[in-house]
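Report on the following structure.
A, B, C, D and E label the chains in the order they appear, each numbered from 1.
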Amino acid sequence: MSVLLATHGLCKSFGALTVTDDVSLELRTGECHALIGPNGAGKTSFVNQLSGLLAPDSGRIEFLGQDITNSSPAARANAGLARTFQITSIIPTMTLFENVALAAQARCGSSYRFFRPVHKDRQINALAGEALERIALTSRNDKLARTLSHGEKRALELAMAIAQKPRALLLDEPMAGIGSDESGQLTDTLLMLKQDYPLLLIEHDMDAVFKVADRVSVLVYGRIIASGTPDEIRANREARTAYLGDET
Amino acid sequence: KDTLKVGMIVTLSGPPGALGNQARDGFQLALEEMGGKLGGMETEFILEDDELKADVAQSKARSLVEREEVDFVVGTIFSNMLAAIYKPVIQSGAFLISPNAGPSTFAGKNCHENFFVTSYQNNQNFEVLGKIATDKEYRKVFMLAPNYQAGKDAMAGFKQNYKGEIADEIFTPLGHKDFSAEIARIADAEADALFIFMPGGMGVRFVKQFRASGLADKMAFLSAFTVDETTLPAQKDDAVGMNGATNWAPDLDNEQTAAFTAAFEEKYGYIPGGYAMQAYDSAKLIDSAVTKAGGVGDKDAVRAALEAADFTSLRGDFSFNNNHYPVQDFYLLEVVKRDDGKYHTSIVEKVFDDYADSYADACKL
Amino acid sequence: MTLLTVENLHAGYSSAQILFGVGFTVAEGEVVTLLGRNGMGKTTTVRAILGLTPPSAGSVRFAGQDVMGWPPHTIARLGIGLVPEGRQIFPTLTVEENLIATSNRRLNDRWTLPAIYRFFPRLQERRSFSGAQLSGGEQQMLAIGRALMTNPRLLILDEATEGLAPLVRAEIWERLAALKAEGEAIIVIDKNLDALTSLADRHIMLAKGRVVWTGNSEELKQDSSVIDRYLHV
Amino acid sequence: MSSTLLLIQLLNGIQLGVLLFLIAAGLTLVFGVMGFINLAHGVQYMIGAYLTVWFYGMTGHFGAALLLALLAALALALFLEFAVFRHLYDRDHLDQVLATFGVILFLNQAVKVIWGPTPLVISPPEFLAGTFRLTENLNYSIWRIAIIMIGFTVAGLLWFLVTKTRIGMLVRAGATNAGMVGALGVNIRRLFMIVFGFGAMLAGFAGSIAAPIYSVEPGMGDGLLITAFVVIVIGGIGSIRGTFIAALLVGLVDTLGRSTITDILKLFLEPSAANQIGPALASMAIYILMAAVLFFRPEGLFPAQGRRA
Amino acid sequence: MRAAAPALVAFMFLAAMPLLAEFWGGSYVTGLIMRAMILAIAALSLDLLIGTCGLVSFGHAAFLGIGAYTAGIAITEGTTDLATILGITIGISVLFALVTGAISLRTHGVTFIMITLAFGQMLFFTFSALSEYGGDDGLTLWERAYAYGLFEFEHGLFYTIFGLLVAIWLLLDRLRQSRFGRVLLAAKENSTRMETLGYGVFGYRLTAYVIAGVIAGIAGALTANEAEFVSPALSAWQRSGDLIIVVVLGGVGRRSGPVLGALAFVVLEEGLSSLTHDWRLIFGPLLIFIVLFAKGGLASLFERRQA
């Protein structure tokens, strides 16, 4: 298994608050690597650095063998690094389908095309349709994203990332807001997805984590305190006191 | 055709509207005195407001010449408005008579047979002030004007006849609010006289702040368009004793002026200034020309009659130069308070006799 | 004694009607859950009660008052504290300001700033951060704290444990149980069925904007067909 | 330039800054904190000035005129809020622009119809009307000093009100999410109305105290409104502290720019060229200042905490 | 199609205007309509920024000034060839847009509004300082550009402007629905998300800004030819404000918005001011009324009625 995405000694602080403290982490082909940890441990900040929304203070990020530490978010996305947001980030005034199509469009050649109506673009529509199929969304395609229920928005968020046809996928709490039962479905979807590309999964839903993840790292106060297979982590004392408690 | 159509475009909106109001009232007074007739013809008078916006002025001008098909357009107050309406009016074949704006632009190379100015060439008032400064032997003069074309013309005009030392020349932004910085510099410069051009609200603010600074008692105040009948109601006592220079004052010693000033005050309740006088004269000019040409059918006859300027001007002595700008007398004025508590400018002395502008040579008419 | 009575509630958004005659009651000191799959109208029901999405028909009575047609703030002042879906904390206010700004001690003063900070020590650590700077979980704590600071008689939690770490989540369930013991009425919407069954007195199942089942935790556990039918696909 | 001249320019700059602050403060409250773009804010300044002149004419007493003018300005603001603005709080900023532009057109014209186009003037209250001697040649107005002191006092009070009281917090909260503030039991509409009235009253107050120095005329607030926007953007939208500092900065740059730029240019340019370029540059000075500040700090000097977009 | 209907009806009406004007005010009316059409072109370009990109430029009139002064100075200096004038206009517009856009697009929201205002004002003061070309008084053009005989036809200028208006409307309408337009529309709502989807938002916006600038520049050159007069006031902030008002009045981001807005603005102003000199006492409340009762501007009125 080759390493697709790796960080080396990544550090980031906001003033006196260190949110990423010398984090070195790898994502290999075919695996799901889960990153868990208490609230405010720095998980989202870490993903933000991977996707380029936040500049690290020091350290390196490598993707597909390239140093992308200083690349723009758009460049990383175009290289194949897709992500979802913990706090739903969609285009509220466009329809559900248009949101997904927008993600697909980034994969279908230049967008500096000024004349042909995009809604007639077969290539884009096909790709978007494909992504939507993988995520069961009960709502109609022409519904405005703004008017979706919370859970539906969360599912849309994931569909957009899939439509990007990524090489690797960073998921920031995909289960949040998804109903108790849909969670089960989503877990299955994730299992399927990780066969196509590796997943970095941030999640507080331990059922899902232990079911999907091949490897789990525990982040506390910006530091990785433990890393290993799900079983190892479940048994790890530090992980239990810092995060898991008695659950599972 | 038995009715005459006259359109007027002046600024009626905003603070400069005070100037336009005077022009309107002056013209209407003349029209009324002549029983609503000019040159014996029943006259339809159409009044438009240019709002001091070039595109509005142009649109109004076109509406007058193209839709209303007026015979005369009387306008404007401001030079930049005149520039905007000049071409459409001239091209239509109507006569354009400016009751106030007299820019150099149309006095020389670009003069036109159908364009007449009843006021002055803009620079003249400033040239007069320069002469006054030289006559009174002011050795050091401080100059102040707003930063726009007329302001620049003012500075140049003054310097034409003034050869003494210039302490400093300052351009303020148009619509300047607070002159304390400038006043501080004036105080610092220790000049004999201040040459100033601050029309409208700027003049009101300046005079007030200048008086408060205590400088008014220490140096001469030579102004154009800064203390006049449109600003005095606001400046009141602060302006008394300050000097200006122009072609007329409401107490000019002749019969027609006495009658005009009285009738105007009676009707509108305020003292007329130059703007009202020039508009009044414009009406009289049109009246004389139409009478002489026996209607407006023959344009050439009307033009010749206009050039002759065969009317009794409130200024007394009045004739047109080859470029259709006036040749007239200029006076030094002073602000006085009348017994009834109203303020006006008053003739001190004549500075120039039959003074012509310096652009006429370039005009091929 | 019943605190909240909802009868035959109809409501929706300009584009579509969502609720078709929802009705249920919450008694003083009772914990009630709203269950149902995504998009079935749970949030809309809560919004309709508070007047945020004005109901088109039906009635809502709270604390003996008919509150239909009242503006949200007067309804809330009768003693309803809302933890909204998606947190909706005030991003430009600091943590402490978020808590103080809408606080209210008219009904009682169980919840004060120190009490909230004891409940969520994390918030105290972040007290001078602005809302936008908080992590997702911290925002969630703040939203809960903010609702408690209004010292409500009825607390409504719409997916309030979303994004919280397992330890914190467990603690919240404990604290809710304690609140219930103190006589606080609560409406919970959450996906954590296990926790809900041990906490709640009664469950209300929504499907397509209608109440399709109600019962207590015992009945819910026994009647697994309900779960199959309304929670599973 | 002599040192007294410099001192005078500094005083003038500060005094202009203070006036700008009074206008900009209301603007930053209504716009930065409440999220409502009120172009009619400049008209409220004008109305304050006109009402002061008007009441002065009736009462002959400046203090009384000021008080009456403030009350009347407040009443007008509340009426406008009730009739127009409150329907626009949850609308797009551009809708607010269009509607408040309509208010400007109407009020500017109405003022002209009522009081005429000629500028009006008024004197400061007797006991502050005098001047004191600054140099042999020059007196400086006590009223201007009074304005500076009034401005500093108001600034302090405002800062306390916005950052230290619950009203301030609620208004800031309401600006980002009015619905949620309502859901938590606060009548945000009423609060907005109070803030709006207060902001408008501040602008009216600025107009009142400016009337004795400047002239009172239709449209006098339009240019100042733009400058006030420049101030709040430089200061960081929604920040009272930032607005205060930016107002002083803009006041000083504007005043000093006018008095020095041409002179500086004359050092290495032909006088005529300097006279050509200098005033144009001086007029641009505050815009250049703004562009520079925004280039390096897009959120202004003191961005309100956590403000996004 | 529905949303475009009002614009199409307006175009048919405009096409027939020179004929109608024969009975109805003559050349004065066609002149008025020409100005409205030029305003519509400028408004269309501004709506590309406001409606499609969410960028409220408060300095858009700068481009009108660029176009007008290019034409004005060129003609004064004896270069009257229309193609040359348009070429220079486009070149300068692109340059100015690239420089000011690169700086102002680093910001957003009110900051963007104010920084564009700053650039507009800088240009305004520059034009005002051009003493050789009339300074504040403006510059009268003694002839029009030479358009290969086109302007010599009766109504030649009218139909040139009309043709440009229709063409630009069509182009921008297509642009909005294209890939490019979709990216801009989405970035308006959520630019962070667009970045993480792989779109370099800055580049897209800068391109749009340049396109808008060029179109406004062309409108400026047309203004100079129509009015035969240019003045710095063309690029003052009041003019930029008017453009925003026109766009909002018509309906932001609506297909027929800018065209309706421009026609309504000109016709209302003209109509009301011929009623009374205090026409603002009517116009002001009318604007308020439209905002309060026609959410989404004039265009939305038509859309609703049809729906």
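Keep this in mind: a contact is a pair of C-beta atoms (placed from the backbone, for glycine too) under 8 Å apart; a residue touches a chain by one contact, two chains touch by 3 or more.
The shown structure was predicted, so the numbers you read here are calculated from the model rather than taken from an experiment.
Engineer: Tell me, which chains sit next to both subunit A and subunit C?
Structural biologist: Neighbours common to subunit A and subunit C are absent.
Engineer: Find the chain most remote from subunit A, comparing centres computed as mean CA coordinates.
Structural biologist: B
Engineer: Could you find the chain whose CA centre sits the greatest distance from that of subunit C?
Structural biologist: Most distant chain from subunit C: B.
Engineer: Approximately how many whole Å separate the CA-defined centres of subunit C and subunit E?
Structural biologist: A distance of 51 Å separates the two centres.
Engineer: Please work out the Cα centroid separation of subunit B and subunit E, and write it as a whole number of Å.
Structural biologist: For subunit B versus subunit E, the centre distance works out to 37 Å.
Engineer: Approximately how many whole Å separate the CA-defined centres of subunit A and subunit D?
Structural biologist: Centre-to-centre distance between subunit A and subunit D: 48 Å.
Engineer: Hey, what residues on subunit A touch two or more of the other chains?
Structural biologist: In subunit A, no residue touches at least two other chains, as defined above.
Engineer: Residue numbers in subunit E touching 2 or more other chains?
Structural biologist: Where subunit E meets two or more other chains at a single residue, that happens at 128, 131.
Engineer: Could you list which residues of subunit C touch at least two other chains?
Structural biologist: Only 133 qualify.
Engineer: Strictly by the criterion at the top, what is the full list of touching chain pairs?
Structural biologist: Chain pairs that touch: A-C, A-E, B-D, B-E, C-D, D-E.
Engineer: Per the contact definition, I'd like the list of subunit C residues that touch subunit D in the complex.
Structural biologist: Listed in rising order, the residues of subunit C that touch subunit D are 50, 52, 71-74, 76-77, 80-82, 84, 88, 90-94, 97-98, 100-102, 104, 130-133, 146-147, 150.
Engineer: Note which residues of subunit D are touching subunit C in the complex, please.
Structural biologist: Touching subunit C from subunit D are residues 166, 169-170, 172-173, 175-177, 179-188, 238, 304-308.
Engineer: How about subunit B: which of its residues touch subunit D in the complex?
Structural biologist: Residues 12-18, 21, 147, 169-173, 175, 177-178, 180-185, 187-188, 190, 200-201, 204-205, 208-209, 212-215, 218, 230-231, 233-236.
Engineer: Can you name the residues of subunit D that touch subunit E in the complex?
Structural biologist: Subunit D reaches subunit E through residues 31, 84, 87-88, 91-95, 97-99, 101-110, 112-113, 226, 229-230, 233, 237, 276-277, 280, 283-284, 287-288, 290-291, 294-295, 298-300, 309.
Engineer: What residues of subunit D sit close enough to touch subunit B in their complex?
Structural biologist: Interface residues on the subunit D side: 1-2, 4-5, 8-9, 12, 15-16, 108, 112, 116-121, 131, 133, 135, 137-141, 144, 213-215, 217-219, 223, 255, 258-259, 262, 275, 278-280, 282-283.
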